[in-house]
Every structure is written in C-alpha cells, then in structure tokens.
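In what comes next, chain A is part of two complexes: it sits with chain B in the first one and with chain C in the second one.
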Partner chain A sequence: MARVFYPLERFAPAPAGFHLLPFRFTRLHGKELLVNEAGEFLFVPTGTVQSLTDEHLDTNTELYRDLKAKHFVYDDSSSPLLDILATKVRTKFDHMSGGTKLHIFVVTLRCEHSCDYCQVSRQTATRGEFDMSTATADRAIDMMMDSPAHAVTLEIQGGEPLLAFDVIQYIIPRAKKLAFEKGKDLDIVVCTNLACVTDDILKYFRDEGVRVSTSLDGPAFLHNKNRPRPGHNSYEKAIEGIERSRAMLGMESVAALMTTTAASLDYAAEIVDEYVRREFHSIFLRPISPYGFAIKTHHRTGYEMERFLDFYKQGLAHILKVNRGGYRIAEVYTQILLAKILTPHGTRYVDMQSPAGEAWSVLVYNYDGDVYASDESRMLAEMSDWTFRLGNVHKDTRRTLFTGEPALQMFHASCNQSLAGCSDCAFQSYCAADPVYHHATQGDMYGHRPTSGFCARNMGVIKGLFSIIEENDRETMRILWSWVTGETAIKEVVECV
Partner chain B sequence: MRLTTMGIAGNFDTSIVGILATESLPPEQRSPTIRLLAPNETSTDESLSGYRAVLCHDALKSVPSVPYVHRLRESDHLKDGDIVVLEGNTGLVRSLYRPYELHHHLFVTERCNSNCLMCSQPPKDRDDVEALTERNLELINLIAPHPEYLTITGGEPTLLGDHLFKLISQLKLTMPETELHILTNGRTFAWPEYARRFAELGHPKISLGVPLYADFAGAHDHVVQARGAFDQTVAGLHQAARNGIRVEVRVVLHKLTIPRLTKLVDYIYHNLTFAEHVALMGLEYTGYTPRNIEELWIDPYDYQDELEEAVEYLAVRNMTVSIYNHQLCVLKPSLWRYARKSISDWKTLYLPECEQCSALPACGGLFQWAVKKHSDHIHAISLPQPSVAETCS
Partner chain C sequence: MNQPESTGAPDAPHAVAEINLAIVSAEALLKACYWFSRDFTCEIRNRNEHVADVILTPRSAASASELAVAKDAFTTSAMDFALREKIEAKTSGIRDLLLAKAFSESGVLEDQPEGVFSDTVEEMKPDGMFKILSNPQH
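On to the complex of A and B.
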C-alpha cells in the first residue's frame, strides 16, 4: 500500500452547511443547555442556538464538533448515523417494554394508625369488611400473571397488611405457584408500619423470601407527630420492628420510606441523620401526595412546593456532606433523575415516566377487586373520584382493562412529548407526564404547567442537579455516580406510606 | 524475543509448519514435528526419517532425505515445543507459537483497508490470504496444550472473507474453551449480513477489539487515513452488538487523540454502551509511527491529566477500562490500578534505570522499539511495597 499520508483537511473538510437534528434547550447559569432526542446534553455558550438556527455557526470549531458528536447536527461530510441515534432513543425507553411489572395488592384497608396524611385507612373497621377475599385474590393473581413481563413484583400493602396476615398467607404461595408454572421471576415486598409484627410473621417472610418496606418519617418527635397511634409510640414500634426484621431477614431486605409533612420541613438534616443512625443507605425525600386525606387535612400537612424544594435542597446538601464524611447514603429521587440525565438508560421508577407508568408499569388491585392505574388512583377513589378505576378483576381481563374508556382517556394525557409546556421543555427527556396528579390537583389530566406542583418540583430539582453537574466537583460527582451505579440503584421504589 | 531467523533450506520449496523437538522421538511421534539438532549432534538418515523437517544451527554433515534448514544465523530462541514455519525458497524460520508465552497470536493477513498513521504492522497489498490460511489451519491443529486466550490479528482479519470463518470454525472445533479476541477495525461488520454470518459461527468465547480514535468522524478518518471509516466502524460495532458479538473498544493515545479524549470516552459511553472493555493504549514506536512521529508524539508524562480524567469518567460509570503499554513510573499513581502488563513477552524491554525500580514486578515495561523513543520521565520508583502487584496480570 502506498505510504502516503494525507492531512486532516482531506478527511474532515469543513462542510459548507449543516442540518439540525431534534433537540430542546434552555438558558441556565449564563449558558445554554441543549438536550437531544436521546437525553444527552451539552452546555454551550449563550447564542449558540441562535447561530444554529441562523446557520451561522462556524463548522471549523470544537463547538461544532461537540454538537456533531452529540447528535445535535449532521452534515454532508459523514453519515448522520441516524440508526445509532434511534438505538439510543430505544435504549432510553427500553424499560417500557415487556409489560406491567409492579402489581400492588391492597389486602385490607384496616389500620391501627390514624395518620393525617393517610389516604385510605379505616381505623374503626371490623375484620373482614375491608379485607381482600380469596376469590378476589385468585382473580388478581391471575391477572398479574397474565402480564407479559418476565419479572413481576408483588407488592402487598394496605391499610396495614399485617392486620390481614391470613390474606397474605393465602396470596404468596398461590402467586409463587403460578409464577413457577409460567416461568416468571417473582419478587415480593410487604409495605407495613411494623407496629404489629411478630416473630412468626417475620419467620414466614424469611422462609418465603419476602422483603419489607416500612415508614420512618424522621426522629421520634417528628415521626410520632406525623403518625399518631394509640400509645403515641409509632416511632418506637417502627425502630423495634426494623431491628427485628433486619435480624430475621437481613439488612438489605428492609427498606424505609419517609413522607414530608409541613412539620418535617424544618428538619431536613435531622431526618437524614435519623436514617444514618439507623444504618440505612438510601433515603427518599418525598413530598406529600396531594391525595386522599392529605387534601382534606391540608391545613395540617400541606405546604407550597417552593418550601418542599428548599427542604429537598437542604436535605441533599446534608446527604452529600454525610457521604463526604465516609458514610454512603443515596437520595433516591436524585439517584433516579441522575440516572435519567447521565446514563443512556431510563429508569423503572413508575412515577417518573413518559409515557406515564400508570397501568403500563403498575397496576393496583384493591381489596374489593377494583383495579386502578396507580396507588394514587385508588386514593382518589377513596374520595369518590373513580376516574382512574380501570375495571374490576371479576369482570375484566387484561385486554379490557387496557382498552376501556378510563385507560384510553388517561393514555391520551400520558406523554409529556405532546403536552403543552412539556413538548418544548429542555428537561422533557428526564421528566414525566402525571395525568393522575394533574387531574387530582387541577381537575385536568393534561394539566397546566405554570401552576403545576409537579412541574415546579421537577423543574426545581432538575435545575439544581444541572448546577451540580455543571460545577463538576470531582468528589461530589464520584458520590453521585456511586448512587447511580451502586447496589441500591434503581430497583422499583416501593410506594407505600 | 526473536521471532525469525534465516538459514539455508534444502529438499523443499514450500512452507512447512511443525513442532520443534530437541530430543529424538520414537518414529510414531515424529510426523508433526521438526527435529532441532543440538550443536555437534550426529544424525543419520534413519535417525531423521519420519520428521517433517530438520533444523540445525551448524552445517549438516551430510544431506538428509527429509526437508531441512541448516546454518541458522541464530537458534538460541528456538525451544522444544515451539511451533515454527520453515520457508523452502528463502530459508526463513519463523516462530509462530511458543507455549510458554503469555500472549498468543494468529497472524492472518498483512492486507488492510485502513492505513493508520501509527500502524505498528504496516499493511502490504499482496494476496497472502490463501497461503496464510493454510498455514494457520495447520498451526491450529498443532497447538497443544490449548491456550486460555488467542488473538487473531493482521492486517485486517475480516478481509479474509470466508477464510476467517473457516479459521474460527476450526478453532471452535479444536479448542472451544480458548477465548478468541479478534483485532479488527470493525468496518466490515457494518454490513448486517456479515455480522449476522459471523455471529452464526456460534463460537462460544469470541470478542472483537476495535479501535476508535475520535468522537468526530473527520478526526478518526484522518488517523486511520480512510474516508468513511468512522461511520463504518461505529455502524459495525452496533451490528456486532445487535448480533450478540462482544466488543472491546481500543484507543491509541497520541497527539491527535489526546485533546478530545474525554469527549471520545463520553461518546463510547453513550453510543457504544455495550462495549465490555475500553483499552487506552500507549503509542508503539514501530511500523509507520517513526515516519509520522512529528504529528503523533506527545510524552505520556504530558497527558496524565487527560488520561486520568478519561479513566475516571469511565470508571465511575462502571465501564471496565484498562491502560496498556504504559510504564508505572510515568503514570499517575491513581492510574496504576488500571495499568495492565499488555506487551507481548517477545516485545518487552526494560531500561537500565528499571533495574533499581521497586515497582518493576508490576510494570509492563516498554516495547523493545521504545529504546529509540520513550517518555523522558522513565525513572526507578522506590516503594516499600508496590501496591499494584496483585492488580496487574
């Protein structure tokens, strides 16, 4: 072969012009943030978008090369590699394929707690009236196993499900038998406040490989204020239950979730410290759901989203400080969003998807056999709003659930790609549509972004994360990446309170 | 260590592949072997009959009836069990396979459809496909015991067409437990049909090592001196992945690849997420490199920040990354755990200053040709306990 070598210009002639690929953008920190169709982003100097649309951008610059390498533009000097871009988009949505994975069984509405923010519990109910019958359980299990998903999660909640332990003992072996017959992987989680847990129950969970998710709202004064029960000992019961569960099931089989009430807002650091003291390695700083009793008791539990964002930012800063001190603990919402922003993959977290995770990723089987699109959907139903009741296990099949009027109406409002205010938002790829939230808070599934608490929360959180990314502090990024890639990364985050 | 030597050949004008035997073997074991006579060892026609050929450092006293090469320039590098090829028309004796080495290669062609500025094995436009395939098929039959790893290299192996499939099928048949690594520019895999057929060979342990030099088409095409190569390589990697073929991405570090190195590994992470390994490799001062050295040379000492940033970029993302062909004394200590002893035994060299170095056992050393050009910062490290010894294999 001829030993002649040619200069760069021969292979990379500055193209005469270029073509745009789809992207969205915003101004942030004195720069422009561009996000492409696959969720890849680039910070560029202000004015870059203008020079792109004017076609004035100099193609013989590193900036142009950055834009080309990141699939923002292409030119005639090489292939646009659209197949590669398509593969990246497909990878981003891969979690959508395979059918509904999370199946929530509400085995009873009874509970011995009387939390202000609770959506559904019936303290006074007598046994049986609000428990799931075996006939309903049979049908719900059949429906769960009809899902095309290879791996399904059975999440048992209430009320307080341990008050209906007999129902749990009926459901688990039956679900396991069917999963085995159908060749499905089955993961089982019970969401319980652990106040009534016994060694016999824990032994059963251990033998059946059941994980436990419980509530821990913070230190004793806060937890007991948020979660009243006879004896005012919810915190003591929870801690005792957590320790006993860990002893029986192992550390990694016991998770805790917190709910942020108005009373919590001043105690971000104290809440985090409580989780560290209890040796948890993840904490989910969650705002209160605007559903159920939380709306009725708004004066006691509710707050503006801006106040929550302050709380979240303080909490995250404190969590990062704890990590810098050597203790590894991840903030789950940050972890989910960073995975969406920084990795080529999506996440399976059902509340942050577009198309929305309702029905596609999660189905809720209520004690009476009604099937809802999400946990929030059935909370609305407890307030006599049945908009998101997809059907009933005794009357419907998987097919009729997904093609019924309630489902179809919801699906129309399920893609933020086509929602006003979202369709041109730079953060669209990282965010979600939440028709249930917007229906509940604004009376309209499509929603109005400028006044949406969902939008305010996510805009605030995502902008905050981009500040951290842009700052690119080496140690902070190492910590955040350890959350994204770590052991606790992006399992389904269980949604019980 | 030496790969070739020359002698005077007789009784054949083709190529003969065989296993060296330094001791006399019983007649029934002679057919795959080439008898290497010790100095002053006497031989008769009968004592040599049945061998494929005879090698002798000195002049043979009498002309045997079997093919032979004698009056070798060197023979110290030839060991019992080595597999060599003898060329009848030139007297060339080339070592093809040495069981005691760590790295084993199957060299399948000198042809290439790229012409990389820093190619260590400059391509030749000569049709060697048939001859080399025949030689390699015979070599595959002779290799024993089967190695853990075997690298197929060239030239560009995919230019063999069906002959490459023949070699892989033969390897699958004879040594399915041997992990095969094919060093290819990946361009041929852009044809979906090729990638599909390659995957259909069904070799249980096969992967591609594919170089990518930029996140930007023109810059990569310049380094490999082939227009359209970037598009084909990226598409080829995707076709390979789509067909379940495992891939490694290789980057040679030099003045043209360093400036956008982190952007390149970002490109790999987002576009070639399926890559199971990224190897960042030092420049070899051989082949084409010396003639392009002005354009390529940057002292590795001077790109440590860029290298550290790129390695960390991949490592925090759980991508497996390794550094090849670098000396520990030039690398930042934070990078030592990614450094591998990657240089083939026969190419490895240590400098006089290395003798005093306490990190030597863990260090991959230098390419033998680095004696002419290497970092100005090679120096002995004094450490009580080199902490990297376990991590380098």
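On to the complex of A and C.
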C-alpha cells in the first residue's frame, strides 16, 4: 500500500514574517558571509542582507530555513531559542572561566645562543645574578597557586633555562607539593633549545613528568643562520636533543616551534619538509614577534606582514600536499582558527583571545620577581617600556596585580567587541584584540586596524580559510577537519600556548 | 568620475564618492573612511543636507582605473556600514538579552538589560531567565 502524507493544511503554514537575531557580515567571493554572535556562519547570495533588513525575504525558501537553523532569524513559529544561542556564546568564551591557567617562570636570562631576533634579551651564560632566587620562586609559586584555575600549566623558560637547572629542581617539587595540597592539576613544560641537555636532566624530566618544547626553525642552513652559537652547531644540537628527549620522555612529550625570519620567507616547503623528516605532526608557521631584540635587529630579521602571508599560504599549501600524500601534519595557527570557525569552542591560545589573554589567561614571573601580562610584555620591559609590568611577587598579591593601573588600562583595550574596526567586523568571533602588540607596534593599545600587522595577518588567514571552506573540496576539508578533531593535533596545540 | 574643485592639493589625482545622506549616516561614513585611511586621505564635504562628497586622495601614486575601483569600493563599504547600522538597530535589544543570558552564571552582571523581549518559550517557564531578568523582584 502506498504511503500517504497528511494534506498540506495539517502542517504549519510558512511564517508570515520574521525577526532578526544579531549578526555581522562581509562580502567574500561574490557572496555575503554572515556570522552570528556564537561564530556560526553562512554564505548567502549577494543581496540577502538587504532583504533581511528590509524584511522582504521569502520565508518559504531553503535560504530562509538555513538562516533560521543557524540563528540569524526567528519567527512566530519558533522561539528565538535564546537559551541555546546563549549556551553557544558562553561556550565560545569558555577560555575565560577559571582564571589564569598559564604561568611562565623566567628562571634565568642567561643563554649561550645569540639570536638576532631573540625575544628574551639574553645575558651571557656565566652571569648568575640573572637567575631567579629561591625567595622569588617561592612567592611566584604561591601566586600561581592562588589562581582560581583548577588546572594550571607551569612553563619554565629563559634565556636558556637548563643553564639554571638548580632553580628548576627547586621549583618543580615545591609547585607539585602546593598543587597537591590545593587539589590542582599541574602540567609542567620546559622551553629549551636543548643544546645543554644531559641524560641526568632528561631522567629528571622523565621522573617528574615534565614535557619539553624546543625550537626548530627549519633545515640546518636556516636554523644555524637564525640561531648563532659557539661552534655554529645549533641545528645539530637541537636534533640530537630532540632524539634523546624523545627516547627518554616519549614522542608526545617533545614539541617544536619555529620562528619565521626574513631568511625563512623563501623556504616554506623546506621548513615543512624538515618537520616531516623529524616526524613531527604539527608545525606552527609563526611570524617574528615585534618585541625585544627583534626591534633592534629589524633590518636583518623583519619583513612586511604581506610577505609573511605569502609565506604562510605557500607553507599551508605544501602542508596540505604532504597530508594528501599520507603523512599527517597540522599547521597550528590554521588549526586554532578552524577550531574557532568550525566548532562551538574558543581557544586556549592566549594570543587569539578576546578579552585578550594577557594577564587573564597568562602571567609571566620574571627572574627578578616582576610580574608581566605576557611574555611579550616582559620583552618590552627589556627595552625599557614598563607599560605592562603588573607588579612584583614580593610586593603584590593576585588581587593587586589585577586591580592596578597597568592591568586596568590594558583591560580597557582588551575586547575586540568594542574596538574601532573590530566591533563591526564579521571575523570578530574568530579574532582577538592584543593590546600589547598594538602598543609595541603603533604606540596605542587600542590600535589602528587598517595599518595593523595583527589585523592584516588575521584578516588574510581567516579570509583564506573561508575561501577553502566555500570551495569545499572533499579531500581538503577531510584533512582540515582531522586537524580540528584529531586527538594528537589538539594536544600539540595546547603545548604551544 | 566627478572631479572636485579643490582637495587642498589641487593637482593631486583623486576620486570623489557621492554619498546619499538619507541612506548613509555620518557614523557609517566615518567607519568607511576609517578603513580607507591606510591608503587614502578622506575628506568629507557636505554638498547639501542630502548629499556628501567624499574626496579620496591616494597616499601613493594610483592610476585612473585604480581610483575608479577605490570609488566603487568606498561606496559599497559605506552602504555596508549603513546596513550594519540597520541590523544593530533591529537586534541590539535581543543581543543584550543574549549576552546577559550567556554570562549570567558568572554573577558579574551589574545592570539588568532594558526592554521586553519576545521570547515565548522563556516566558512560559516559571523560573526562566527571561522572568528573572525582566522582574528583579522575582
């Protein structure tokens, strides 16, 4: 017997009218791209926004149903489903809950490298007065454990922190003891160039569950050019250190980061191939930071953001090609942005948060006890710009750090929702504010978006990703989705925050 | 393309975008100028109460065709900011309620959102967020 549907009059009629829910839009590839408060998006034909604002859109069309399903409109036959949309918005901002999670300890400024672009303002390897004292370490650990966050990450860096291994050995057991007493989860990462690593140090890291994050700028010629040291063997030391660390700690406990100097720009594919050769499954194509020594040496290491974007596009294209060939490797910045675009979640990556992650998500405890809003803030201080020094562990509490004038000034410029140029931007949900970057590059925490390198980079990358999404090549999207949902890939993103 | 009488630099090549002020507000016009400020100086001259001329003078050399493209892009940008204002006007109330709902659990709300919002599902709930926010005595 043939199945018979109820007659049409048994079904609800198409709605007579509709109401708008808040959204932002831009024009891309001959279409309009709509993005709602929760970051959900929809490509629609040109003219749709005008039809929506004029309330002339036909409610009996597939387009209307798509707009309704994605929370751009509601009508009398539906509730605005505000609870659902509110939950999605809250999920997007989940990184804000719990307070500061990442705590960076600069245990020494000493380093045996002399990189032109060094972000750390290193001191010579023998000057022990630039090491963190036990009294300062005690206060910094107390402050870290005062954070309301249930899970905190202790990131130990320098200079080259292994030159102050005794300080590391002092900090780790005390941090673990306090974390246990306060019922907190504690994750420990040491950022090192691995040139000075020994088996005893690695055994200690293994026994204490410490992970290692190191630097690998590309093939030998490039890495050694970027990272001069006595013996001109930074690359060889790094590779040897990576292998030894993996053997002792396991593959998953060793991550690498690269920095893109002017010398790197012509070698995107070679850099990616180096990461593949070394069996890494993620690579972060990062522009050089405009802080610290990088400002002094800009003529040697710097470049325009447009050149970086070309480098990034070439690198991403090569990474996708490598994935199509069967080797899984993710580009971390793409991964961070795709997670924001394609999923309900935000990011733990502090440079891409709004409100900005500075202080809110990360605090930096310098060797001398000064507390900064981010690592970049500390680099500025090394250039005699103290704008983002929030206080000192010996004088302040967590409350005074967050209510002092430096923090409050910064917080005012921390929300892209209220910044000129950002407040109307369709990409607001995926982007960030970064007052420290804009203070450093434009002398103004609020920044001027049309001339901002931060804006140019993110606008360029996000538009490129939306082009890929709109093109919807099945194989490319399968790869990109695997970066967002893949277990290893997500883990490696966290290591980079 | 219209050529203005003077831009302060009379011989400098420039484009003139004619803007209907009945459609594009001064605020929307300023936002369009903001985004063009990297590549152009933007001078707004009110021809009369209904029409403004925006004189776009490039900061570096530009061809006639590039100026024509810039003029069209500016007009589109200004119209888009006018559309954004209309969206904002139609949705700011519900946006306030949405954000209030999203972050009410944090306990940081200082002000109740103003107005009454058409949320029939929420209104039916005895302890719904709508009633809590609309009726402080609840």
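Throughout what follows, the second predicted complex is superposed on the first by the 471 of 497 C-alpha atoms of A that agree within 3 Å, B and C clash if a C-alpha of one lies under 4 Å from a C-alpha of the other, contacts with A are read in each partner's own complex, and residues count from 1 in each chain.
One rule holds for everything that comes next: a contact is a pair of C-beta atoms (placed from the backbone, for glycine too) under 8 Å apart; a residue touches a chain by one contact, two chains touch by 3 or more.
These numbers come from a predicted model, not from an experiment.
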item: Partner chain in contact with A:L408 - chain B first, chain C second, else both or neither; value: neither
item: Touching partner for A:H19 - first (chain B), second (chain C), both, neither; value: second
item: First (chain B), second (chain C), both or neither touched by A:T87; value: both
item: Contacts of A:S77 with chain B and chain C, given as first, second, both or neither; value: first
item: Contacts of A:R65 with chain B and chain C, given as first, second, both or neither; value: first
item: Which of chain B and chain C A:R27 touches, first, second, both or neither; value: second
item: Footprint overlap on chain A, comparing chain B with chain C; value: 79, 81, 83, 87
item: Interface residues, chain A side, partner chain B - complex; value: 1, 3, 5-8, 10-13, 38, 40, 62, 65-66, 68-69, 77-79, 81, 83-84, 87-88, 91, 343-344, 474, 477-478, 481-482, 485
item: Residues of chain B that touch chain A when the two form their complex; value: 112, 115, 117, 122-125, 215-219, 221-222, 225, 227-228, 230-231, 234-235, 238, 260, 263, 267, 269-271, 273, 288, 291-292, 312, 316-318
item: Chain C residues touching chain A - in the complex, by the definition given at the top; value: 31, 34-38, 76, 80-81, 83-84, 86-88, 90-92, 94-95, 97-99, 101-103, 105-106, 117-122, 129-130
item: Residues of chain A that touch chain C when the two form their complex; value: 19-27, 37, 49-50, 52-53, 79-83, 85-87, 89-90, 93, 97, 420-421, 424, 448-451
